[in-house]
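Data first, discussion second: the structure below is written as structure tokens.
For reference, chains read A, B and C in written order, and residue numbers begin at 1 within each chain.
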């Protein structure tokens, strides 16, 4: 590919990736922005609204919920991931196939069924219910992702440690976990982002008192007559943690994430 | 406890979770789809009603078209960008980072960005007016809440092409170069190398990533809900309307559609699984 | 006219302290197999890549069959290359791989293509493998397909970059013979690269020993045996017996003894005397004497270290000569295995 063609493609790609960010940023410091002005009338009034009760509690709810989901998701997916990755047994492929299902079946086709089942189980319209709902879409995918990390190498390390007489708990703590730490970090990041981005499950299954940021934002966005500056500001606050997480783990994701995709998360 | 027992224990919480929070809801939907509003069993009547209705078929066609166009366009863009990216040094890290960021961005954020950018009173429209390309706000193409689903498609493509791109890039940065060098030393020119050596190498990874993109675009709710028109809805939005919105409520139809969506996507899982096992088999 | 002519090839990578290739010149005649032999890092693979067109040299010219290859990409040069890894195209069958070059370049019609492919597969010992999938082949079979594929491109010069180094030891022998057989039957000129001197000896007409980007010595295998050009060459070919000596006229004097070497071209003064470990003969019946210090068994003989005065001499002694550590053994040395070298340049 000729160098100038390459450079043009890259420039266009960069532009395309960054351009949609521009109006969002501009609206966040706007007072009014009418067609056909290229820039709005500036006023950072919307940022003052951030101190308000609604946004603060929504942010805290989102953080709390996502943190809980990440911890539980990892706890639930590490044992099966290790079993899947380190050992060979019959039915392995069947289990892998089974775990793929929640990745493919969309939330919308399951969430209302969840509503009635959870009602029977008594967890509908509760926070544990939301956590449960989010976990079911996360744990299978995380298990598959992590099973790629728990490869033959980890099995070998474990075997050696046990041969040296190291007990199960200490093997986990000093041998296995450090070996899979990069993969765990990536999974934790993906899990957090998955939970953070979730709107449908939280809105349908969660109690009315649980207003996470997406639950707060979605009605504002869909009503169409709400003030864009406010929406823009809250959206930026909502998008920021993702950005921060990625900066810190980008190098890890580039390695293991792409490898997992190469293997098709299988 | 024996090894097998221990292993079963490792899977137990996961399987229990899936059974309670996933399998049961799916089965519940299925059961309810075979009943009428009063809860009486009516067999496949609801299915017949829905499958023969205009609105469903239209919505299905609409959703499939969006998913298909998204997949194809995202695939082409991803391959081109990946090919450009693999040889570059400057800006590569930034683009890679932005790729990851795009993929991880929450859907509603992406949707909002697109609304602000693409609406008839949005930034691009203002720019077009200023450059003299359009004469008024209304002359700018209808991209948000349009009946052709363009806004939805653009948002999907923008959000998903990096996913395919990363997948393809992974292959390109692997052994691919060595194979191309080999082909060159066998006297095969650049263009032929591209079609006969490079493309077959990236095809498996591209196909796998593209299937995931198709499934995602097919089943998504948030983006079509925010960017779609009220006269032309995707299946996901339809389901929501039929279930939640009091004015359009039709519970049996909603259950039928939920079950149908699940079935269609389960078929995709099999395709995906087939592709991945074939790829792994070829690699071994 | 020679098939390959290298004139003063220099190669320096950007930012490298030392050049990778230094003013290297070489000629290869039609039908020859010439091997570039050397330790890793000596530049042999880089040189091959320069000839192939995969790298561009910093200076000097590559002339293949009379045509200057300057700035020509690999696909336009009359070469074909076999790499250390076979790089077979996994989406194609064996037949499709082998016929890759003429098939894509449309240089043969369907019928000829099929016949030639069959012939080529027979030549590498893989008759009937046409429809096999590439993934079902063993390492040795894969390399043979790679070789057949390269030959089908009908190159004037075939380049082979350590093609056998990834294979099992026992497989190498038959593969080496195959390479020689192909060269005899097809007359293809080959430039071979390896770090294994046994492989080089088995395969080549001439060997070019490389070190630090230059050709140290070029000649037949016997030349390296009897007349290595310096201590490095001697050691590379398995001669560890190098003793400081003094040359006066035709006599070489060293602690081991006095040797008559009328053909030694070196100046009088300090030299090195080299003794091949295979040069021992007339055991228990020779003019030299030594105490056996160490016996290490090998596959066909033993490696014994004898102490002759202050010198430690390594000899290969056949199994039919009984030995025990500590005893004194007398022996003679065959003059074909004794040579003198300039001092320095270890």
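In this section, a contact is a pair of C-beta atoms (placed from the backbone, for glycine too) under 8 Å apart; a residue touches a chain by one contact, two chains touch by 3 or more.
All values reported here derive from a predicted model rather than from experimental measurement.
Starting from the Cα centroid of chain A, hunt down the chain whose centroid lies farthest away.
Chain C.
Among the chains in this structure, which pair is joined by the largest number of C-beta pairs in contact?
A-B
Round to the nearest whole Å and give the separation of the Cα centres of chain A and chain B.
That gives a centre separation of 17 Å.
Could you grab the centroid distance between chain A and chain C? Build each centroid from C-alpha atoms only and quote it in angstrom.
Inter-chain centre distance comes to 57 Å.
Contact residues on chain B for chain A in the complex?
The touching residues are 4, 7, 9-11, 13-14, 17-18, 20-22, 24-29, 32, 80-81, 83-85, 87-88, 91, 94-102, 104-117, 120-123, 125-127, 129-130, 137, 158, 162-163, 166-167, 169-171, 174, 205, 208-209, 212, 215-216, 218-222, 225-226, 236, 239-240, 243, 254-255, 257-259, 261-262, 265-266, 268-269, 272-273, 275-277, 279-280.
Which chain A residues qualify as touching chain B in the complex?
1, 5-7, 9-10, 13-14, 16-24, 26-27, 34-38, 76-77, 79-80, 82-83, 87, 89, 93, 95, 97-98, 100-114, 116-118, 121, 132-133, 135-136, 139-140, 143, 190, 193, 196-197, 199-200, 214, 217-218, 221-222, 228, 231-232, 235, 238-239, 242-243, 245-247, 250, 253-254, 257-259, 261-264, 266
Give every residue of chain B touching chain C within the complex, in rising order.
Its residues touching chain C are 175, 178-179, 181-190, 192, 196-197, 200, 281-284.
Per the contact definition, I'd like the list of chain C residues that touch chain B in the complex.
The touching residues are 52-54, 73-76, 79-81, 83, 85, 87, 89-91, 100-101, 104-105, 135, 149-150, 153, 155, 159.
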